[in-house]
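Take a look at this one; I'll ask things after.
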Amino acid sequence: MPLIQVVQTPGKTAEQKRELVRELTEAFVRSTGAKPESVWVTVNEVAADSWSVAGETLADRAAKA
Amino acid sequence: MPLIQVVQTPGKTAEQKRELVRELTEAFVRSTGAKPESVWVTVNEVAADSWSVAGETLADRAAKA
Amino acid sequence: MPLIQVVQTPGKTAEQKRELVRELTEAFVRSTGAKPESVWVTVNEVAADSWSVAGETLADRAAKA
Amino acid sequence: MPLIQVVQTPGKTAEQKRELVRELTEAFVRSTGAKPESVWVTVNEVAADSWSVAGETLADRAAKA
Amino acid sequence: MPLIQVVQTPGKTAEQKRELVRELTEAFVRSTGAKPESVWVTVNEVAADSWSVAGETLADRAAKA
Amino acid sequence: MPLIQVVQTPGKTAEQKRELVRELTEAFVRSTGAKPESVWVTVNEVAADSWSVAGETLADRAAKA
C-alpha cells in the first residue's frame, strides 16, 4: 500500500519517467520488502516559476546562474 | 473543515467532475455529520505515463492490456 | 487508480472511519464507474491548533464559539 | 526544511507568484526563525471546475454570483 | 479558496503555530488580494528521522553537526 | 529540487527509514541525474484503520486474511 508522490519540475521524457517509477519502486521493495504490486508512484510537475527556495523562484535563480 | 483531495487520471468531463464532488461531499456529510459548507474537494489529474503500479506506468499497462 | 486523500481534525472512531472510506469509495464508483478495487482512500488528521481559517486556528475559533 | 505547498485556482501572473513565494517565505522565517535557504514553497493550481465547496464547484458558484 | 499546506519538523508550540498561520494568511492576502476567510492553512509535522536531504535523515545530519 | 513524499503504514524502524530514504534518493539520482543535495524525501505514516482499498480498511482486510 505504499504511495510515493514525486514532485519535480517539468521536462522529463516519457522514457525518463518510465525509468524513474521503476527505479523508485525497486528501491522501495528492496528496502522494505513490500510487494511490487502494492507500490503506487505518481509524478507531479511544478513549473520553475512556481517553486521557490529562500523566497526566490527556481526560474529567477536559473536566470541569474 | 474536512479536505478531500482526489488524484485521478485525466479524461473526466466537467459534468462528471460536478457529480463527483457532489457525491463525495454528500458521502462525507452522511458518514460524519459535517456541515456541507465546511467540506472542500479538489480534483487533481496525473497522466497515465506519470502514474505507476508495480513499477510500470498505467500507460504501459494499458498498452499491453 | 484513483486516490482520495482525506484531511480532517482528529476524533473519529474506527467505526466512523470504516463507514467514511466505504461511503467515499462507493460515491467515487457511482459517479465515475471506476472499479472498487482500484480506489484507495487515506484519512489524515490535523489537530485543531494546526489548522486555520482566516488566520485563526480552529482551536481558537472553537474556544470563542 | 519547512515545505509550504500552496494550492490555488489558476490565473496568477509570474510576478504575482514571485511576490507570493517571497512573502510566504518571509512570513515563515519571521514567525519560526527558520533559515530562508531551508524554506521551499511550491504553488499548485486546481481549476475552478475541479474545486468544490459544499459540493458545488467554484466555477458553478461563480456563474451564479 | 487557497490552501496552504505546511510540512515541518515537530517542536513548535501552540503559540508559534498560532503566529505562523496568522502570518502566512496575511502574507497570502497581501500578495494576492484574496479574502482572509477563504484562506486555509494546515500544519503537518514529519519527524527528523523521517525527512531526508541528499539521502540522509535530518536526525543523522543533526547528530553529526 | 525534487520532492519525494512517501505515505506508508506505521511500523518501520528508524534504521529501515534510514535505508529507505537513502535508496529512494539514489534511485532518483540514477534515473534523472539530479544532484543528491537537491533531493528531499519525507515519510508519512497512515494507520491501517485509516487506509482503504475497495472501500475496506487495511486493518479489516488483514483481520480477514
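Which chain is which? They are A, B, C, D, E and F, in the order written, and residues in each are numbered from 1.
Basically, a residue touches a chain if its C-beta (ideal position, glycine included) is under 8 Å from a C-beta of that chain, and two chains touch if they have at least 3 such contacts.
From a predicted model like this one, the values you see are computed outputs, not experimental measurements.
Trainee: Where centres are the averaged C-alpha coordinates, which chain has the largest centre distance to chain E?
Mentor: Checked the centroid distances; the maximum from chain E is B.
Trainee: Residue numbers at the chain A-chain B interface: does the shared fraction exceed half, giving same, or fall under half, giving different?
Mentor: At the contact between chain A and chain B, which are copies of one sequence, the residues are largely different (under half shared).
Trainee: Greatest Cα-centroid separation from chain C: which chain?
Mentor: Chain A.
Trainee: Roughly how many whole angstrom separate the Cα centroids of chain A and chain D?
Mentor: Taking the average C-alpha coordinate of chain A and of chain D, the gap between them is 20 Å.
Trainee: So how far apart, in whole Å, are chain D and chain F when each is placed at the average of its C-alpha atoms?
Mentor: 25
Trainee: What positions in chain A touch 2 or more of the other chains?
Mentor: 1, 3, 7, 22, 24, 26, 40, 42, 44, 51, 53
Trainee: Connecting every touching chain pair, does the picture come out as line, ring, star, complete or other?
Mentor: The chain contacts form none of line, ring, star or complete graph.
Trainee: Would you mind giving me the full set of chain pairs in touch?
Mentor: A-B, A-C, A-D, A-F, B-C, B-D, B-E, C-E, C-F, D-E, D-F, E-F
Trainee: Under the stated contact criterion, what part of chain C meets chain A in this complex?
Mentor: By the definition above, chain C touches chain A via 1, 3, 40, 42.
Trainee: Which residues, counting only chain D, touch chain E once they are in their complex?
Mentor: Interface residues on the chain D side: 1-9, 12, 16, 19-20, 22-24, 26-28, 30-32, 51, 53, 58.
Trainee: Under the definition above, what is the set of chain B residues touching chain D in their complex?
Mentor: 14, 17-18, 21-22, 24-26, 36-37, 39-45
Trainee: Any idea which chain E residues touch chain F in the complex?
Mentor: So the residues of chain E touching chain F come out as 7, 44, 46, 49-57, 59-60.
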